[in-house]
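Starting off with a structure, shown below.
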Amino acid sequence: MKKIIIQLICPDQKGIIAQLTSILYQSDNNILSIEQHVDQENSKFYIRIFAENNDTQFPENELAELSDELEGKLYLFDPDKKINVAILGTTEEEPIYDLLIKNKSDELNCNFPIIISNHNELSSIAKQFDISFIHINDNKNLLQTLKQQKIELIILARYMQIIPKEIVKLYNNNIINIHHGFLPAFKGARPYHQAYNKGVKIIGATAHYVTNELDDGPIIAQNVIHINHKNSIKNIIQLGREIERNVLYKAVKSHLEYKIIVHNNKTIIFD
Amino acid sequence: MKKIIIQLICPDQKGIIAQLTSILYQSDNNILSIEQHVDQENSKFYIRIFAENNDTQFPENELAELSDELEGKLYLFDPDKKINVAILGTTEEEPIYDLLIKNKSDELNCNFPIIISNHNELSSIAKQFDISFIHINDNKNLLQTLKQQKIELIILARYMQIIPKEIVKLYNNNIINIHHGFLPAFKGARPYHQAYNKGVKIIGATAHYVTNELDDGPIIAQNVIHINHKNSIKNIIQLGREIERNVLYKAVKSHLEYKIIVHNNKTIIFD
Amino acid sequence: MKKIIIQLICPDQKGIIAQLTSILYQSDNNILSIEQHVDQENSKFYIRIFAENNDTQFPENELAELSDELEGKLYLFDPDKKINVAILGTTEEEPIYDLLIKNKSDELNCNFPIIISNHNELSSIAKQFDISFIHINDNKNLLQTLKQQKIELIILARYMQIIPKEIVKLYNNNIINIHHGFLPAFKGARPYHQAYNKGVKIIGATAHYVTNELDDGPIIAQNVIHINHKNSIKNIIQLGREIERNVLYKAVKSHLEYKIIVHNNKTIIFD
Amino acid sequence: MKKIIIQLICPDQKGIIAQLTSILYQSDNNILSIEQHVDQENSKFYIRIFAENNDTQFPENELAELSDELEGKLYLFDPDKKINVAILGTTEEEPIYDLLIKNKSDELNCNFPIIISNHNELSSIAKQFDISFIHINDNKNLLQTLKQQKIELIILARYMQIIPKEIVKLYNNNIINIHHGFLPAFKGARPYHQAYNKGVKIIGATAHYVTNELDDGPIIAQNVIHINHKNSIKNIIQLGREIERNVLYKAVKSHLEYKIIVHNNKTIIFD
């Protein structure tokens, strides 16, 4: 069985679903799941279709024609293809362990060929999971490394360096950062310390796509945990790790399953 | 604008969505939302479509014909019609207050003409919200009362009596019970006491459709709250009230928005 | 049995608990619960003791002397005394309903003699629960009203007016506000709209003591709920109501049970 | 600084705290934290004190004498001593990874000298973290192995074998099992399948001390996650892993910090 994932964004109008699904039906494709969303305010229509066929041709041309008629943007993805994903980190190990463990148990459909860091602490994890570790002094050679490894998705797993604008542009909506704070509160450095000093009763973590604005790109996933006066900064950092890795994993998983559509700095995430 | 909600259950097969949505498109109906589910194990297909049209005829016949071809069951609902809902209780007030408050602020699309009880405590709430209070000594006159009031949905808001089989049959999938325990654990009487004695660290509440099996019908909604050794039975009862009313409200809301399909003692709840 | 709650704040030092509890033991008082906290960073000690005695004198003088020796601040409360609490609101009903319902079922140990508002919508709730409704045009007569009613705690249940500085000073740590946002994010007006526009995946509510800084006083309780792209602003407002009332209720309950100690714009909440 | 943790269980009576803390004060010990609980129903008193001294003798004899007078049971623990912990598993990797990662980052105060299994899958984890892997065919040599390694705590991380009664007795309240169901619902085999078939909307995991009754010992920690009709069994197993490892880690951490007191098949967990 050949599988395909279709994403379409277009102005809202009558008959989109009927026309799309008729093309699939007539070409003998079976719909496994369909999810749509209408943004009433902006009159925008979003759809994701997961379809499969048994040996037949996939109607790419008909879909492209329909998309043009609807003044839409069409994206087609092959869910069975594993893309190459680079992990960039500094010293924090837990979110990286989690990605590699989930990958080992086939919960993440990708390859993790490299861990990149400007420190050396993470080389032991790379060794444990038998993947390459690349130490970089600065971001100068970063782009070259990403190209050599044919990287399609970059994960910033507590990477403490600013990504060059050139890379942000090239990897638009393909760089996921985990910020250890509940955005938009506590942007920037040491968010747990900020939260502790403010005396909040809940801390959070946020996974988002990276834009050139610090900690401000489209939010993909967030989670929180209750704290109280008994929790020291050290405690908060430990508790926070649980939600950081969980939020990062969820965001990466949604991305790899092509469940995310980004529009106007917000995400639509089909599940 | 005339609105309609369509539910269809049928054996899974190719082209269901294309055919359904084409009928709607050709009759100038606009799809506001579509949600479907395939039960792979049993090869069953479930769909809910929310559509509207501007003055045109709704294609009931064409849909019924298609449903027959697909060997399905078709249900059509008018989301703008308010149905009559009876609340049955004993002495517990909070879940009833919540339903009436949500109704007052237009969050529940129904009428609550009566509270029925075999005790008198709830008459004060009925008075506060200016609805009828009917005291019944036993369940003998219950059916007659429900018929007189043209009741289409029955809510058991901590009602401590067994509903007669005749009524359960007549109101199949139209009686919602709130059980103050995390089903299937802690069925029957005094579930919070059972939970306390067992030393669980989480208590729950469950809203479900009523069948003739005690506390065993299709589950609609569940929620939980963490407890610890410091919580006395009295505490647990107070904490439990928060989740009972929340779970009951969510279940009733899903029911009134025709988001629930029941099949084989399980619920599919589109949101 | 005569009951008492003791709160003591003092510089951290050896022997505080031994000396405190010895005074209670020697005067034949029984400790029902004891909770303490050491703020290591600032070397501050906080303790709350719940004690009871059977007919004996309570050792107020000895405790005061000890507190002086320790350079501490001592607070004594009578948990059996019901204080008068004023509710100030605008049009939002749910958090007010909740407080009155919890009070009716004896979960909040206080009197609610009045609802004060600059609108008229809330008069119907006041009538339902048979308490006074006072319409005020501005905050000029507010203080006088509070004094007349012997109010000791003010609850701002979505009250959209700034409280005069004079009242904030007089009711220091005795005014609780519910803000329908996850502070410190989304301060000020229309926090749900701010959250919606930002595309966050979680919304929150915060109960805090009122200071002269808008939405910035010591946080007492916070809670959150997950949202997604499907939730409209209207939806978010409805979902938010659940956490607003829950957070406000929890904060008021903690206050009324003398479980909160405020220090340096943060709260210590014993449970 | 020498540290000590004191646990005392005794019949409830006046003056326990005063007497205990006076002994510590007079011997120049400083109390870092104190937590107590009174079980009103059974008139039992429980206390945990964390104290430290600077070079002085710890008053073990005085405490033992007091405990005798109070007809209590006294336990003293050294929080700085690392105990040896054995992990027993079958094929499930995630809860084991989590324990080893948390230990690596110093969040768990213990040694993990061995992984024991009746399968071979877990040998790769043992290798990654450079600890011994012991394959056992049956439970016959288990006790001997535990003794050789001087094991004080046994963790059953999805270990699918019954532990011999002799070992259960010897390691009373020192064997922690993770059950991938919300106990007391779904005891025994394949709890996620049981939950799926029942159509529950929440799944859970439970960490508990092992007794000779299957899945029925004192509960230490529980957590849950919401599911819906879209979640397949495979999904549920993946989601469940998140709460299993979290619950097991929390239980082990509480145990290693001597925060748990077991009494009458229930746990008191101080935090």
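In this document, chain identifiers A, B, C and D correspond to the written order of the chains, with residue numbering beginning at 1 in each.
One rule holds for everything that comes next: a contact is a pair of C-beta atoms (placed from the backbone, for glycine too) under 8 Å apart; a residue touches a chain by one contact, two chains touch by 3 or more.
Since we're looking at a predicted model, the values are computed, not measured.
In terms of the stated touch criterion, the partners common to chain A and chain C are B, D, listed by label. Across A-B and B-D, the chain pair carrying more C-beta contacts is B-D.
Over half of the residue-numbered contact pairs at A-C are shared with one candidate from C-D, B-C or B-D, namely B-D.
For this pair, chain A with chain B, the centres built from the Cα atoms lie 36 Å apart. Chain centres here are Cα averages; for chain B and chain D they lie 41 Å apart. Looking at chain D, one finds that residues 230 touch two or more other chains.
Across the interface of their complex, chain A is touched by residues 37, 40, 182-186, 198-202, 204, 218-224, 228-230, 232, 265-269 of chain C.
Across the complex, chain D is touched by residues 93-94, 97, 101, 104-105, 107, 128-129, 230, 238, 242, 246, 271 of chain A. Taken together, the chain A residues at the contact with chain B in this complex read 14-15, 17-19, 21-22, 24-26, 28, 30-36, 38.
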